[in-house]
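Each of the next two complexes has chain A plus one other chain: chain B in the first, chain C in the second.
Up next, the complex of A and B:
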């Protein structure tokens, strides 16, 4: 390992710490709950997209069914809380573990599928889960679960009006997802995953355990996604199958990473920081007309970015340029 | 800082300059949030809703000689003639976005009340957010019965919910049975979101209670690309009455598929939604002669209450359409909310809530076929009678209840 590489990784860590600290101070100046709401969503999507990036970006297994893990996280927390009074913090961990186990159980047959077939399988499985949840009466079926509001408490992770607790939780979640990726990048797994992504047969011939690498990536990715789902359930305090397991969610998780730079450390964060405020602000301030101008602007921006930077926005910054070309 | 004479003078001037602004801020405009899907697959609903709300605001803000609350005189007399200002927001049928937009309306746009939302799932989060900020929410056109049973203090609904609608259908069946018609078997056909699920739950409960047999109960995926298998089942069951709960696109597909497979139901009793949309009758109206749909509004009312026709013309000038089930409820929703704000003589959320809770308006000063408007402790108006409408000769005629009916029902529906 050359010195240059180690120092670059250290520099990345410092930059990340700087941005995290900067982000943590923003609510001191921004008091508007609407803007705070956008920041929470941005951080949530940064974390989710980072999680998606582990399986789909680093390991190259494009998943279009991550809404499944998101929904499982949301449902586990909400069901455990409303039916058994289990605090969301435990529900969150339970949801993460359940999702990781299910990701591996599904990976067992699906990782034998190559390329596009794998992606199609992920879509189908998520859709099946959606239909199951829509018909599962005990879990609220199509009516969903309305998490009753009590009083503000960190224990039940409920806050009537304040967005700050949610903001800091989302920030911590985004940092954890980033750190896990940062750490994995330079671990044995990280190298295996990239080898699997580039050429599975060549990797296998060099002694990489292709199948188990994929399983590992799926488990980590699903775990983090489910934590995001649990957070969403607490944040919105109402979930129904369509709003946490719908196909659009799978795309929304992939989009920031794709836009920012797939398979890169900074791509998901960068993508989320641009994409989420763009969607929210265009809808709120030019969407009230009913003419769909907001969606046209939004679509146009994505097309322009993709045309100008097909490799992702991360290519605009020199520090990360090396990460892309490595 | 030393207080000099000049500073005192400056301060006094500033205070004098600010004074009028501060006092003007109490009265000039009353902002009401209106939250609807303005983009996405139900965008048309939101666009039509906008026109309905604008019509209502115009009637309140200008002087009209209608026997409707706040029509006479300009603005809200209780607030010194303040005008209603509508602030529209788009929730894209997403509960999370509904929540965020409600929060924005309340904190940034300073609305004192919110009206919405079309989709029931979005009404859940919108009403919850209003509750958190102690701002009253009026559910103009949501019909899911679970909404008012959540113990919310700031939730109100003037229009009927699905159980009331379904009850009207079964009352109608019972009456026909007494007259000697044979109605024994029912087929339920419903989509899988809150609307369809709630509707079917209410219908199966009533069917069991009143001795009707459900021979098929089909739940299908909303916006399904094909309904062939489902229609095959309906055809095999061939019940006396088919009871669909579907939105527009699914309703069109259902009717087309039934025609393709040669299935002509003996009778159709629809749970509104797609079956009260003009788009359905534009597409497949020729196959729907004799269909009965429940509704909460009927233009036939114009014969007895001329203002209904005049207000409808105002709406038509804006939108190019007649009032339908949704737009009439939306229109009335704003009038009722404004009426309460006027009585509250304040834009304070709690005071408006109290005024809403004390509402007692006779039905004949509304544009609806309701008995009256009076909310129970859960915020539901139980005196909002639904109507049953039958599609005959290219238009809907009211067949029940007696008070507003203009013709007898054709039963069974014409076989061609």
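Up next, the complex of A and C:
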């Protein structure tokens, strides 16, 4: 490790701490509940996209079925709470562990598949889970689960009077996802993943355990995604299969990382900060007519950004050219 | 369950499967040509269905006669999509795969938005077309006419496509470009022209399918999404890029769907198809007819 590299990593940590602190103060000035809501969603998507980026960006295994893990997280928390009275905090952990285990169990056969065959397998598996949940009466079937509100408390992680607790939790979640990525990027795993992404057979011949690298990436990625799902269930206090496990959602989760810069540390954050407020604002200002203008604007934005900046928006803000081309 | 009902549902499954093949073949063709998965494929189907609907509702052209017109319209549309979107996506130096997925996905969202804007989210259907609602009895098995005609059109389209690819200059240029896009430039074939025509052809084929689907299926802005997923599975099942694979994949998907519907409740009918996809790729990671 040369000195430049170490100092660059330390600088990234300082920049992240600065932005996190800045974000933490924003609610002191912004009291509007609608805007606070958008900020919560932005942070949630930043965390989710960061999680997706670990498997798909760093390790190169393009998953288009991450809604599965999000949904598993949401359902585990909601079911444990409504059926057995288990506090969401334990549900969150359980959801994360269940998702990580399932991700590895699915990875076992799926990681033999290459390219589009893998991606389509991820779509198909998430769709099977979606259909099963839609038909699972005990779990509310297609109608989903209404999470009853007991009282505002950190214990049950429910807040009706203020969005701020959700905001701070989402901020912590986004920070954790970022930190995990930051830490893994420079670990043995990070180098393995990039090697697997660039050239799996060359990596294998150099002694990289390709299969276990993918399994590791899948477990971490699914765990973090599920935590996001648990959070979402508490935040909206109502979940149904289509909204937490649908194919569209898998793509929406990936979008910030793709537009921000896939396989980069800052891509998911930047993508979420730009994309989510734009999406929400267009939806409420021009989507109210129900005539799909918001979809047109949103879709055009995706097409134009992905064509104009294939490497992601993150390069626009980078100081060194070298970091971009990597 | 009697033998007759089993044969009955397998027959309908087979007809539907041939239609699935026709829906999917454009996707397979485009993928084989340039390694691009079109995530707006379902929306191509959607606009074809709307076009058929409006030709019927306002100009009283029966879907059967409208089919070639719609296919021609979609041909032009597909070529334009290549020229204005995909051409730039394949040029991307970084993340080409993701750029292709998300630029076509963005296009799909725009198309859905435009459909909502101009056609409203209402469900529409074509009533009293020549084929609509009619069935024909063959040896005691009742076959719905729209699906039967659709299956025949699909078979004809596959035969036509076979001769087109193997017997015409353009077909050979298509094959040559898919083998080696760099080398064809040396012999004076304009790669962009071949790609644009390939996209046109792929879209035209899904247009043909859309015109027939419009006879017996509801038409609404999101209709493409459910068929797109089946089309991806069909193409991957057969093996990406293999035109014959799409044909076989479609038949398998149709038959599996019909079989699942006999065993499991109707709301679970798609599970069988997905499970078969997983089973096939776990055994043959490149699909049934994909090159190993």
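Keep this in mind: the second predicted complex is superposed on the first by the 317 of 326 C-alpha atoms of A that agree within 3 Å, B and C clash if a C-alpha of one lies under 4 Å from a C-alpha of the other, contacts with A are read in each partner's own complex, and residues count from 1 in each chain.
Heads up, the rule we're going with is that a contact is a pair of C-beta atoms (placed from the backbone, for glycine too) under 8 Å apart; a residue touches a chain by one contact, two chains touch by 3 or more.
Because the structure is predicted, anything quoted here is derived from the model rather than measured.
**Q** Chain A superposed: clash or fit between chain B and chain C?
**A** When both complexes are placed onto chain A, chain B and chain C end up clashing with one another.
**Q** Check whether A:121 is in contact with chain B, with chain C, with both or with neither, and answer first, second, both or neither.
**A** The second partner, chain C, only.
**Q** Which of the two partners, first being chain B and second being chain C, lies in contact with A:294: first, second, both, or neither?
**A** So A:294 meets both chain B and chain C here.
**Q** Quick one: classify A:306 as touching chain B (first), chain C (second), both or neither.
**A** In the superposition, A:306 touches chain C alone.
**Q** Scan A:247 for contacts with chain B and chain C and give back first, second, both or neither.
**A** second
**Q** Taking the superposition on A as described, I'd like to know which of chain B and chain C A:135 touches: first, second, both or neither.
**A** both
**Q** One more residue to check, A:160. First (chain B), second (chain C), both or neither?
**A** Only chain B is touched by A:160; chain C is not.
**Q** Touching A:101, do we find chain B (first), chain C (second), both, or neither?
**A** In the superposition, A:101 contacts neither chain B nor chain C.
**Q** By residue count, is chain A touched more by chain B or by chain C?
**A** In the superposed model, C touches more residues of chain A.
**Q** Please indicate which partner A:24 is in contact with in the superposed arrangement: first for chain B, second for chain C, both, or neither.
**A** neither
**Q** Between chain B and chain C, which residues of chain A are contacted by each of them?
**A** Residues common to the chain A contacts of chain C and of chain B are 131, 134-135, 290, 292, 294-295, listed in rising order.
**Q** Given the complex with chain C, which residues does chain A contribute to the contact?
**A** Interface residues on chain A, with respect to chain C: 62, 109, 112-117, 120-121, 123-125, 127-128, 131-132, 134-135, 247-248, 251, 255, 258-259, 262, 290-304, 306-307, 310-312.
**Q** Show which residues of chain A lie in contact with chain B when the two form their complex.
**A** Against chain B, chain A makes touches at 32-34, 37-38, 41, 131, 134-135, 141-144, 146, 149, 160-161, 232, 236-240, 242-243, 280, 283-284, 287-290, 292, 294-295.
**Q** Mind listing the chain B positions that touch chain A in their complex?
**A** Interface residues on chain B, with respect to chain A: 38-39, 43, 46-47, 50, 87-90, 92, 94-97, 99-101, 103-104, 107-108, 121, 124-125, 128, 131-133, 144, 146, 150, 192-194, 196-198, 219, 221.
**Q** Provide the residue numbers of chain C that touch chain A in the complex, in ascending order.
**A** Those in contact with chain A are residues 31, 37, 85, 88-89, 92-99, 101-103, 105-117, 120-121, 221, 225, 229, 232-233, 236, 240, 265, 267-268, 270-271, 274-275, 277-278, 281-282, 285-287.
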